[in-house]
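Lettered A, B and C in written order, each chain numbered from 1.
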């Protein structure tokens, strides 16, 4: 009996001790959680800061250069003040336009194929090559296009630049189309097929529209990624100080112009480069923001 | 044989080397409501998917034996044309998310490039939604997206979409398994109303549903059709012991 | 109206039809007794087959509804009530048939005075009234009306309990064989009519059960005594 009482007594005491320990542990955990949360917030701010600094700096430098005159005129020869970047803006738009015409349909079709065929040898190799293509440095793509397009055609051209950009856009369009369409429920496809809708119409009228917001977002993101490409355009689009809308002639683009003018020795041209940088950044910002808008507005509910 | 809308005579279906359906014999007459019930994996969904040839979309699927719609061999028909004659409603409501309620109902026409005049479209939409007992709930919101409706309304919208094509037979694959009891009751009531005009085949693992909505019931087990009879007879006096065990819950 | 509601209202209509038929059987056998009309009595005996057919049909309908709809709550109670009322009606029909059988077997020169002193016709009317009252209560789902029939049973009990001494008095005056036979017939009929009253009360109880979910079986006798005291 005594032993039992003793045991019970110590049991009670030890459970008191346990409660105290438990209390301490809980408090320590609470402190740890708070520290962790603080660390996360600080790191997030730190990683956002460079972007804000960059934007701030470019805007400060570029805002003086920007005016109507800057947007609609071509650069003037050295020694003359003023002049604009109209040739580069037009060139960039044209390059992207032609690249999109090539890359978007092709990328979406391949994306549809990959989203439909999960297994299979062709799909496997296709997926692999898309991944590899994504990893190829842009300068390498540029030199390839130089070999394949510029040399046989005998001159630098806007067209060859567009091909370069198209090749770089392809993987991300394919990937985003594939991933988006994989999220479209298979039941939608069945619903359409069960209504007697042929397969290709089911794809084009039901499945692609259902994933449209994701596909569009992917397309725009891919554009915003290649719009700033410089290196591969050096041997393809080459650059052109005059306005040009012929896709088989050399053409300028904003990154090319920035590259050329920023490395020159004239303060006037430096100023033009800053202004062009700002135009480029604004373009990219608009593209990114419109992606967000499309995703929230056009999102299909399943 | 006369009057049989759907006739299965020694019908078999396979997945690779697996036989899913064995020697199914079933004759569905005009304006009958048939229920196929059975435990999961008994082949009931496969059977219904063979009728509109959705089964063959799965790689490795094969069929054998005879299956006819209005006397015509289903497997000799063009699947696209066949599916326009066979309405199908799925387990989960699947209205087209990019389309409004109105567009969903006539999707069978628009997606197939069948042109209708504006007034004909209105007529099809209204009559289909009325037949699906949804008209009075959605008529003021016809141009909103179908996906804003509740689950039960979405399922009735899918039924309206199928009815709009005036199918020879309406197939329903566990149409209420994703719905709450109230919506289920509404869909069942709808089926009860539809049976005067349509031939309906409903697959369900809920035998109470089979009991409530159908005139005839077939019991499938492990790919075989164990018993078929008037629903009343199946539920009051089944002839086969397996059927008895299934409906009384003494299975296995 | 849901599918189940449709089935239940069909069942109710069917039950009312059977009820009307049984009531007609009772009225006919009363007329046969009063007018000593053996043809009418035979008609009642023929009608019994229809009552039996009705009973089987309603039983089967109930079974189907149970099996197909698994009803609950008020629907379940209606079905249970109909199932029991069905049995009661069939028995009531049997009684009408039995009385008709007596009328057919009655000796030719029946003493009308016996009908008078035994109050059997009065009893018959009261029993028929009870059955038709309960029928109306069922038709209107009116438990108050159903409750009123319990009181009406008192007259049946009274005539029934008096009948032994009344018949004994009758026989004391004239104890010839035909008289004894006739007296026994009447006595039997009274016993049967008493049973009709019981069936009517049972059916009333089912109606109360169905509409109020209240089991009054085996309680109202006590309550009735308390009430009359």
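One rule holds in what follows: contacts are C-beta pairs under 8 Å (C-beta built on N, C-alpha and C of every residue); 3 or more make two chains touch, one makes a residue touch a chain.
Note that the structure is predicted; figures quoted are calculated from it, not measured.
Using the mean of the Cα atoms as each chain's centre, the chain most removed from chain A is C. Ranked by how close its mean Cα position lies to the mean of all protein Cα atoms, the top chain is B. Chain C has its Cα centroid 89 Å from the Cα centroid of chain A.
Note on chain placement: the centre of chain B and the centre of chain C lie 50 Å apart, centres being C-alpha means. Centroids built from CA atoms put chain B at 45 Å from chain A. For chain B in complex with chain C, the residues that touch the partner chain are 185, 188-189, 192, 208, 211-213, 231-232, 235-236. Residue ranges on chain C touching chain B, taken from their complex, read 2-4, 63-64, 67-70.
The residues of chain A lying in touch with chain B in their complex are 185, 187-188, 190-198, 201-202, 205-206, 209-210, 212, 300-302. By the touch criterion given at the top, residues 52, 54, 57, 80-88, 90-92, 94-98, 107-108, 111-113, 145, 147-148, 158, 161-162, 165 of chain B touch chain A in their complex.
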